[in-house]
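You will see two complexes here that share chain A, one where it goes with chain B and one where it goes with chain C.
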Partner chain A sequence: MQISEDGNQSSNEIAGADHNILNLLDSMDNYLILVDSLSSSLRQGWLELASARYSMGASRVNSSLFDLKSHQLPNQDLDNAGTDTELPRFTLCKWTSSDEAKLEEDELLKNKSDNPPVQHQESEERKAEESGSPVTANNHAEKERFKSLSMFGTLVSPKLRATQSTFETALETLVEMSNLRASLLRAYDQVQKDRKTDE
Partner chain B sequence: MYGFEALTFNIHGGYLEAIVRGYRSGLLTAADYNNLCQCETLDDIKMHLSATEYGSYLQNEPSPLHTTTIVEKCTLKLVDEYKHMLTQATEPLSTFLEYITYGHMIDNVVLIVTGTLHERDVQELLEKCHPLGMFDSIATLAVAQNMRELYRLVLVDTPLAPYFSECITSEDLDDMNIEIMRNTLYKAYLEDFYRFCQKLGGATAEIMSDLLAFEADRRAVNITINSIGTELTRDDRRKLYSNFGLLYPYGHEELAVCEDMDQVRGAMEKYPPYQSIFSKLSYGESQILDKAFYEEEVKRLCLAFEQQFHYGVFFAYMRLGEQEIRNLMWISECVAQNQKSRVHDSVVFIF
Partner chain C sequence: MANKPQIRTNSSAIMAMIADEDTITGFLLAGVGNVDLRRKTNYLIVDSKTTVKQIEEAFKEFTSREDIAIVLISQYVANMIRFLVDSYNKPIPAILEIPSKDHPYDPAHDSVLSRVKYLFSAESVAGDRR
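Moving on to the complex of A and B:
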């Protein structure tokens, strides 16, 4: 009886180790796919920027108009209630100023203990209702998109807007990669732990 | 009198017409572009260009090269040629040659004002200005807060002063006002240039009318497409179109109310010269519209050289030179970014 119990326990451990290794390999595969996707987005973005410069002229699209400063990315660290709280999960607050993002982060931290995580879009709509404005989240995003291109002029070529969209996609991929990296490292730690246990 | 330019043109313009035709023969051919498109690195491009008229301008540039360096040096060659022609020209050719640079002057003014509005370094902005559009007090543009100050402090002493009467306000300079200012100035400049060429008469008037009308029509289409989905109202859009050209006035009325690319196509396909351009595009596509317009422009510019004894050849050469520089910029970017499969997307062969 004891031998079969020991046998069951070891087979469970082996199954658990295999599961962790599979997790690790899956995470790595997904991560590499995202790296490839990011590389492709960035290549496309840079070529589209060159195409926009060809279309609009070098005086309208040149490096002197670029900001060339690093900006803090507005993001939120949403706590996944009911899951492992050690694993961070980032989401991107697109097209909000860093002040607005901080305000939303403070609100989220205040509500975290009592309420489920608030979706970004819901908080945007609530803010719009509170301000009495009929502007939807999409309209706000569109306005911010136009505003961010204003250094190149107000009437810009569709190619420049396509460039913006491509780099936006690359930014989203980066955030996904950071989340996936966290789970990849966690899976790796798990595998390392299993190896030490076996030894 | 039209038809009798052969009697008198060469007295003052013969030497320079010969010079500009010599410059024209130095433009890159299809064989040159094919060689350039096969280059693996920017140093290969430099090596191929060393056998062309650009050779002396690039030979002292150290490796590694940058695409902006290639564009700057090639632009420098065009500027030197222009300055040579300008110093040798007498009236009215000298005024005609100066008109060619006013577009660059407008671009430089807007670059400085926009960059200052967005807190960019003025020195960096000045380095990016087109050399053909430079004037003495250009750096003072950074001080102006509204258009009235812009005019009073800087532009009143420049050739752009007459074009400012339509857009002088005391409103502060913001992005939309600057864009409207840019397009209003360019509209006034094109109309003034058109009137000047009409006054010259003869073959110059005939050939330049066609070229400037095409420029006005292309600008109308670009303004329409670029303003779709923006805050620019239909009335404001209509005010930015020039008051001449094939599309004036009925085409402009239709373009002013267009809300998407298909409506623009519908408005333009009624005009046979533009039907061929839009027939190359798929429905809803605007990506290759620029190339299609550039190809049509190059065709018209090359035709200008088929006739003698007019000033249109100078305008045509400068525009063909700018197209060549655009081609070199695009090829350099494709090579630098390792995207040689896309190199033929935007190259417009001149010969």
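Moving on to the complex of A and C:
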């Protein structure tokens, strides 16, 4: 009886280890697919940027024009890791204004002494309220996009706008890649743990 | 449990970049540029005049900042500081190696994928058998 129980236990362990290895290989495959997608977006972006530079002139599209005045970025990554999970989760918060971001920061600082899950819920409720006005959000996003483009002047080539759009897509891919990387590392740790247990 | 790196529970964070001018220009257009009150940027433009030491310092600074969630680094730049990138093992900020215009992405050099490759390599299996 005991031998069959031990046999069942070891076959369950082997099935668990195989499952972890499959998870790892799946994560790796998905990661490589995303890298390929990112490469393709970046190639398109570089080509569009080169076209914009050709039409506007190299002196109008270069790093010396970057705005070095203190400013908060409009695109932020949210790290949603709660206290009850080990896997970090990245979410892109696109084109929030510096005022909104400051307001969110102030709220979070105010609520820091309170329960963390409540603070996360509050920020989600605010986002739900904000998403009720899509026209305002779109107008706001357009304003922020214009601000980013205005680094290179008021009248810019349509190619530069296309570059902005392409790199926004690349940014979304990057956030997905970050999430996948986190699950890939987790799967890797699981497989390593299984191997050490087997030894 | 004590050896596991702590995961920060910040609600908002930014992305840092160590790449060539065109890549950084593109991402700045997409809205990830940040300059703090001390005029410190969240990016480093790598060109022919950038030294390895500058790249190392930027990498160490970005990976130690609490407000950075993702560090983007061109793979050819990561190869210059490969030892530093491979020895990095915290979950946040996440280090993402990306291709550049002149250097396509090579999965064999990626710090995460090379670890997985080693796990399944013949040497690693042979080591277990011993």
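Simple rule for what comes next: the second predicted complex is superposed on the first by the 139 of 199 C-alpha atoms of A that agree within 3 Å, B and C clash if a C-alpha of one lies under 4 Å from a C-alpha of the other, contacts with A are read in each partner's own complex, and residues count from 1 in each chain.
In this section, a residue touches a chain if its C-beta (ideal position, glycine included) is under 8 Å from a C-beta of that chain, and two chains touch if they have at least 3 such contacts.
Note that the structure is a prediction, hence the values are computed from the model and not measured.
Engineer: Which partner chains sit in contact with A:Ser63 here, chain B, chain C, both or neither? Use first/second/both/neither.
Structural biologist: A:Ser63 sits against chain B and chain C alike.
Engineer: Between chain B (first) and chain C (second), which, if any, makes contact with A:Ser148: first, second, both or neither?
Structural biologist: Second partner only.
Engineer: Which partner, once the models are overlaid, touches more of chain A's residues, chain C or chain B?
Structural biologist: C
Engineer: Let me test your reading of the model: by the given contact rule, A:Leu34 touches which partner, first (chain B), second (chain C), both or neither?
Structural biologist: The answer is neither, since A:Leu34 touches no partner chain.
Engineer: Based on the superposed arrangement, let me know which partner A:Tyr54 touches: chain B (first), chain C (second), both, or neither?
Structural biologist: So A:Tyr54 only meets chain B here.
Engineer: Mind working out whether A:Trp46 is in touch with chain B, chain C, both or neither, as first, second, both or neither?
Structural biologist: The answer is both, since A:Trp46 touches chain B and chain C.
Engineer: In the overlaid three-chain picture, which partner chain does A:Lys159 touch, first (chain B) or second (chain C), both, or neither?
Structural biologist: first
Engineer: Chain A residues touched by both chain B and chain C?
Structural biologist: 46, 50, 62-63, 151.
Engineer: Report the residues of chain B in contact with chain A in the complex, numbered from low to high.
Structural biologist: 68, 71, 104, 107-108, 110-111, 114-115, 118, 120-121, 124-125, 127-130, 175-176, 178-179, 182-183, 222-223, 225-227, 229-232, 286-287, 290, 326, 329-330, 333-334, 337, 339, 342, 345-346
Engineer: In the complex, go through chain A and note every residue touching chain B.
Structural biologist: The touching residues are 43, 46-47, 50-51, 53-55, 57-60, 62-65, 142, 146, 150-151, 153-159.
Engineer: Mind listing the chain C positions that touch chain A in their complex?
Structural biologist: Per the stated touch rule, the residues are 4, 7-15, 21-37, 39, 41-42, 45, 69-70, 72, 91-92, 94, 96, 98-99, 101, 104-105, 107, 112-113, 115-116, 119, 128.
Engineer: For the complex, which residues does chain A have touching chain C?
Structural biologist: The touching residues are 24, 28, 31-32, 35, 38-39, 42, 45-46, 49-50, 61-63, 66-79, 81-83, 86, 88, 90, 93-95, 101, 104-105, 108, 116, 119-120, 123, 144-145, 148-149, 151, 160, 163-164, 166-168, 170-171, 174-175, 177-178, 181-182, 184-185, 188, 191-192, 195, 199.
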